[in-house]
Structure formats: C-alpha cells, structure tokens
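Below, chain A partners chain B and then partners chain C, in two separate complexes.
Moving on, here comes the complex of A and B:
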C-alpha cells in the first residue's frame, strides 16, 4: 500500500500547515515504523492458526479474556460468533490479529486497540474503535454515534450510515463512512483524515484544529472554523488508493468530492483577547 | 442516564408485549436501576381503565396506622367516583397502594380526575381505553412480577428504566408519564431539559398540572397542551424540538401510534429495528436483541428527527 510518509507531501495536502514556535515540538509520524511495530511482550501468533469463540452465554469480560487466551495459544486468526450486541467487546487488543466477528457489537466495541485487523459482519453501537492506535476495523452495516472518537491511527471503515459526532477529537488515522454521517462530524478534530461518501449533517468540522474531511454527498452545514478547500492531485490519488483498498466508490466521482479543512482562526485560541475571540467566532 | 424502549406490533391480534417489554427493559437495567415503568396498550375496551396510586411505596412502609389510611383513601376515591356519576365495573388492588379501576363515565373526564386527585396522597397515574400505565421502584424483573406484567397481550408499548438525576427516587418521578387529561397518551424520556422551569411556569399559567419535579413530566404536559391546541401528535413533537432545550430522546405512545423525537444535539442514543409488521426501538441494540435470537439490522435516527408509526 502506498503511504504518504514525507512531511512535504503531507504539507501539500494541508495536513501540517501550522508553524510551531517556542517550546512546541513536532515529530512527524513514520508510517513504516508504525506498520512494523509490535510490543515486546506481545504473544507470537500465526495467522494460519485459527481459533473460534462462540459468545453465547458468556459475559463481555470472559469474552475479552478468552480472546487473549487464544492469542497466547498462538492463534493469529479468531472467528468470533454470537456477540449479541454486547458492550465493550474486543477491546484493548495490542497485538497482530485477524479477528472476524459474525454479528453486531454494542457500545465501545474494539476500543483501545493497537494492531489487529477486525471485520464485523453486523453493526456497531456508540464509540466503536475509540482511541484506536493502529490496525483496521471494517464494519459491513451501520454504526452508532461518536464513531472513531479520538482515534490516533489505523483505518476505521463503516460501509453503512453512522450517527453523530463521528471522529470527535480525531488525532490521526483514517475514518471512512460509506453512507451518511450525523451532526458535528469531525468536532474538535486535530489530525487525520475522514472520508464521508454520503451526506454529512449540520456543523461539519465544528471547531476543528486540523485534519481533512472529504465529503462525497451534500453537506448540511459547516461548523465554526471549518472551511472548504480545493482538492489537489495528491488528494485525488490518496482518495483513490484508500477507497480501492476497501472496494468502495464515491457516488459522484472523486473529482466532485468536497474537501473541508480548519480555517485556523481559532488556532492558538488562548492567545486571543476576549474581544478578539468574538470577532473570530 | 436512563434507558427507554418501545415496540409496536402491526399485525392484528398483537402479541405478548408484557414479556417482550420486560426483557427489553431488563437488558437496559445498567442504564438505570432506580425504577421501571411500562405503558402497555391492550385491546381497547368501551370503559375507561384508570390507574391510581394511593401513596408512595416508601410511605407505606412507615408511619402510624398506614393500612387504615390507605383504606380510607381508597374509600374516598370510590365515594368521589360515585358522587360524580362514574360507574365502577371492576376494581383491583394490585399492591397495597396501587389500584386499577374499570369504569364508565359520560361526564368531563378532567373533572373526575381532578376531584379524585384532590384527596391527599392520591395520584391518578393514567386513564384510557387501552392504556395500562404501571411504574414502581426496582428493575423490570421486580416490577413485572409485582404487577403480573409478563402475560400481558397487546399491540404496542413503551417503557423506561430510570437513573434518578434531577429528582427523587419515587413512583411519581418514575416514567412513563401520562399526558393528563388525554386518554391513552404516555411519554418516556432519556435526557435533561434545561429550560424546564421556564416552560413549566408558562404551562402552569395555562392551567396544566404537574405532579412531580421531574423534568420529563414537562414533555407529557407539553404534548398534551399542544394536542389541546389542535396539533396532531407529529406536529406537536416537531414543535417540541424547537421549544424544548437540552439533550433528549423521548417516545410518545397513543392508542394507535408510537412516535420518537431526538434533539438537535443528538446526544442521547436511540436504535431502531423496523420490519413490515414489527418495530422496536431502544436506547441500546442489546435491548432489542433480548427479544430476538438472531442478528438484526438496525439504524440510529439523526439529530432533530421525529418519526411516528401508526398501528
């Protein structure tokens, strides 16, 4: 997979336009380093060794413990069935793993993960993938609100519609939504990219600090300090590669996608005098 | 936090909605264990079904001569009903403090309710031709056993599990709320209303009654007031999105419809399952899954959305 790893390219895409001064330090993310990262204590797993886990009659704690036991036994692929929309399943997995979920998850599914690839055949409730560091999550149906809250890396993909406040506080990674998204999508987004193939609700990108949101459908309204920007060739190339990766298409073509970035009038907000804040808002 | 749930069977004959709603509410127990309430809609009868509470549950466990006080209140309720010309065909003591009446009455229903409620400690929980409004302290398993709900047959229902935040843990602050004085209209709510007092004062000036300090009661009174001004249910609900401030998702049920509304911030959850003959909605999918033994397709309504389903 082609990655954008140099600071020059990411500046061209409008991701790192800020000029940091004084004591602030900026360390650019190395995609290659991240892709090969494993925790020293992580168990050795073989993707060809398949473990199965039927959740019927089990509680969430027991299910999460069993996933760890299977990884300790060397299973690199786990097929999980009958999750029954329970909350907080498949959380805190900090290891390479192919996890195939048949069914739907409740709230906080796959939260705090760093590394696994997860496929979910059903839907997910609120806060799926919250604080995800790396890996991929692909959801075949719909998702609830605060989808991908505060994610720092990885790809979070929902092929259906999602609720409101998608990618709130996003700090990295990519969120892809195949359908619609609700109000306040990208609220206080700080970095990373979001692709919405359908329509976006009101206050899109409200108070975003940085990052980029691409929208294929209609935008009901932009939030404070979110502004349109022009798509460039690098955007188009990146969008095509990312959508091809998950077999997704935007209904009106990539050229007609809208690009939303931070106006940065609220940037360094705390340095503004109260009277200046009013002007900015 | 609170959990809300609703279901509607469109096919004739209905189903065992008592058991279904109990399962849905028990699955939401973690959202609020303080009290549980049901508004169950059975086959409408020609008489009115009136549910009356003679005292708060806590008050029946202490104090002097409680049993005789409850009996005295019950006798007064009977006397006042007869005095205004109501013909009681059936009276049941579901608990020592909860009464269920079936009665025929040709006069002004509001007058009858007001006169009965004038007795100290007495509250009319609901009135309608099909509505059975039941609420008490404890989780769904406790309340359903107490009131024998699990065998109830009907067409649609709404329910609530409460985590008390802004008012007391008692029956009068539990949901659902009946939209007094409109027969068969009930409301459950998850959220907080931030302009409660402004709206309450305005509605009280118009002559509306409030029995509790629970902000959710405002929605029932608001809807009742809009209906009395000529709005249909959907119009009243759409107007509430503008007039009510705060975060809320609420359900309203009438004799032949069930509606949901979500505020513009979309901060309170709701998941909907919809098929040709059955609709279920709840704060969490795990609640809906409690009545299905297989995977289902669900979706979230969006901000400012109002939906109304007809039977």
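Moving on, here comes the complex of A and C:
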C-alpha cells in the first residue's frame, strides 16, 4: 500500500502549513491551474462508445466491477439489462457516464455516485441514491423508503410515488418526486431542496435544520420546527427550470406550491433551557 | 438571509443574544437556501455542464461562498475543510456572483492533480 507523507509534500498539495487550526485548511487557489472537468484519476470516456452489460447470472460485486472495466475501456454510455432487483448495484461510480438501466433495482441502488447520469426504467428499493454526490438519477416508476438518504448533491428524480422518510438527513442536492411521498419526508434535513409534486405524508420536514421543501399537493402535517415560507421570484424561476429539465409539471401550477423551511428553533438545541426545549417540541 | 453581503467579513457575526453568550455563530454563515441565478453563470461552468451533459449546475447548486475566520472561503466536501479565497481575487458586491466564483474555484481545485484526494485515493482506495 502506498503511503501519504505528512511532511515535504504538504506544500505541493497546496497547504500553507502542516499545522492546521480548527476546521480551516488554508490552501492556494490557482485559477489557471487546471481545465479538467473530471477527477484526476477518472478514466477518459467517450459517450459515443456504448458498452452493454447483461446482469443475468452475475452477482452485484461482479456487475459493479464490470461497470468500472467498461469505463476503463472508454465506454461513456453503458446499457445495463436484467438487474433483477439486486441490491447495491451501480454504486460508487465517480466519473461522467450515461448509464441506462432496463429493469428494477433493489436496496441502495446507485449509492455514493459522483457524476453519472442514470436512467432506470423500472422501480427502486430502499435508499436509492444514498449519499449521492453529483449527477442525475431518473426513476420512471416508484421508489421505496429513505429515497435519497443523506444525499449531498445532484438531482434524484422519481416520476412515481415514494415511501416514507424521503431525503432523511439530506445534506444537499435536489430530490424530485412526481407523485406522493410518505411520512417524515425531509426528516433531519440539513440543506438542499426537495420538490414534491403530489401530496406529502405526516410530519413533513420533522426536525429539519435547514433546506427547502416545495410541495405541489396537500400536506398531511408538518413536523417539529418545519414552517411555511413565501415563494419568491427566484424560487419560481428555479422551480420552472428544474421541472422543465425532466418534463414534469406541478398539478396546481408553480405559483400555488407550498414552501416549507426550518423554523430554526432547534438550532443549538443542547444549550436551550428546559422550558425552551418544551416550547420548541 | 437578507443582510449585507459583507456581514461576516466586516463584523464578528455574533448577532443574537445567544450567539453573543456562547461566543460563536449558530447556523450557516451564508444562505444555504439561495438557489442559483443562471444569468450569472460563468463560461467555465457552462463548459463543465456541457462536458457532464447536465443542463444546470447540478451539485454545484449547493456550493456557495462562505466565510471562515473573517475571510471569504468555500467548503470542499471532499477534504471536509474550508478553502480560503485568495486576497487578490476581488469579491463582487452580490452573493450570486460570489457563489459562481466559489463554484469555479472549487471545481478547478477538486479536479486538479494537486488535490489531496489524489494522494488519499492512491493510499486508501479499495477499488
């Protein structure tokens, strides 16, 4: 295994000093340094070069390895068939790629991805797009619970309905649900945006720290510290642009969408007086 | 968040009584909910979107110029730390343009062969 030296190379890596103070890592930006659009280690791929992968008889590990091999061979488009609702497929892809999945995925499909555009013709199980960093995932049918758990970036789109706890612990990115979403959607959400075109279940945005939830249908009930806010022009413009990207429309028009944000009463909760904690909850 | 764009550069940012009492700010020091206005998008970011086959900023929508230790900075999630904006870069007078600068600089930094993730990946990546 290679080693990371703690001295000598630190300045080459952009560090002013090896002694870091608190959370700050002071680094040099060089605006003219790089014109790369992908990670330095990512293989160069050509979207016109198409690879095919039939998952029949393969296990998830072999499928994920084969996807990487195809990218190493320069395939920028991969057509994957017969996934058989296996769990943990198409995970950890850290490169630009057009991935077309014909069929359905099981639990934790497309987790930890950073860059690819994925289209799934069927359904997905629990936690699709979990910890997703960048890229797009479009699911043509329904999705299970904890859809987009801890997502950090990118667009995660389900054209159908999704289960409960959608976007739990969301830390960024955009989750779009074409239909209904279950209870505790946006639970402990920290930032990012969520667009629900249908109805939302009970306790929407419960304990959310920050972020924004837009709802086109009815809201069964708001969670602790989730409050309504006013749509502004930038919201409307962004919502229209985002929905147009995926050919989706809200049933009652963008102007009638409800916007939910954090009330911020739970911020610094540990330091609240007991009486204040009671008031918040 | 409707306050002076230089609020965290020109003040200590301790605005509420509770913040003054504990001596630190509570919550984010920039508006995490500010969605991008694409009319401010730079040429470099437009090229990046085309390369990735995205029609908008995708994950960069969540990147904003923030402030750390009284200096403009951008948070790099890949190193879990703030990266300081050099003093020689003039900061525009509005947050949208500042955010676009932050996105461009962060992107160049992350995709650079000098990014710490390159060495960390060589040392620890399992696949």
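The working rule: the second predicted complex is superposed on the first by the 244 of 281 C-alpha atoms of A that agree within 3 Å, B and C clash if a C-alpha of one lies under 4 Å from a C-alpha of the other, contacts with A are read in each partner's own complex, and residues count from 1 in each chain.
Basically, a residue touches a chain if its C-beta (ideal position, glycine included) is under 8 Å from a C-beta of that chain, and two chains touch if they have at least 3 such contacts.
Because the structure is predicted, anything quoted here is derived from the model rather than measured.
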Q: Go through the superposed model and pick first if A:172 touches only chain B, second if only chain C, both, or neither.
A: second
Q: Quick one: classify A:235 as touching chain B (first), chain C (second), both or neither.
A: second
Q.
Just checking: does A:123 make contact with chain B only, chain C only, both, or neither of them? Give me first, second, both or neither.
A. first
Q: Give one of first, second, both or neither to describe whether A:183 is in contact with chain B, with chain C, with both, or with none.
A: first
Q.
Which partner chains sit in contact with A:264 here, chain B, chain C, both or neither? Use first/second/both/neither.
A. second
Q: Determine, under the contact definition given at the top, whether A:36 touches first (chain B), second (chain C), both, or neither.
A: second
Q) Given the touch rule stated above, what does A:210 touch, chain B (first), chain C (second), both, or neither? A) second
Q: Have a look and say if chain B or chain C is in touch with more residues of chain A.
A: C
Q. In the superposed arrangement, which partner chain does A:51 touch: chain B (first), chain C (second), both, or neither?
A. neither
Q) Overlap of the chain B and chain C footprints on chain A, residue-wise? A) none
Q) In their complex, what parts of chain A are in touch with chain B? A) 84-87, 102-104, 106-107, 121-123, 125-126, 141-142, 144-145, 160-165, 180, 182-184, 201-202
Q.
List the residues on chain A that touch chain C in their complex, please.
A. 1-4, 9, 12-14, 20-31, 33-34, 36-41, 47, 65, 68, 92, 96, 98, 115, 117, 133-136, 152-155, 172-174, 191-193, 210-212, 234-235, 237-238, 241-242, 245, 261, 264, 267-268, 271
Q: Sort out for me which residues of chain C touch chain A in the complex.
A: 18, 22, 26-28, 32-38, 47-48, 51-56, 58-62, 68-69, 73, 77, 79, 81-86, 89, 104-105, 107-124, 127
Q: Spell out the part of chain B that touches chain A in their complex, as residue ranges.
A: 264-267, 269, 271, 284-286, 288-289, 295-300, 302-303
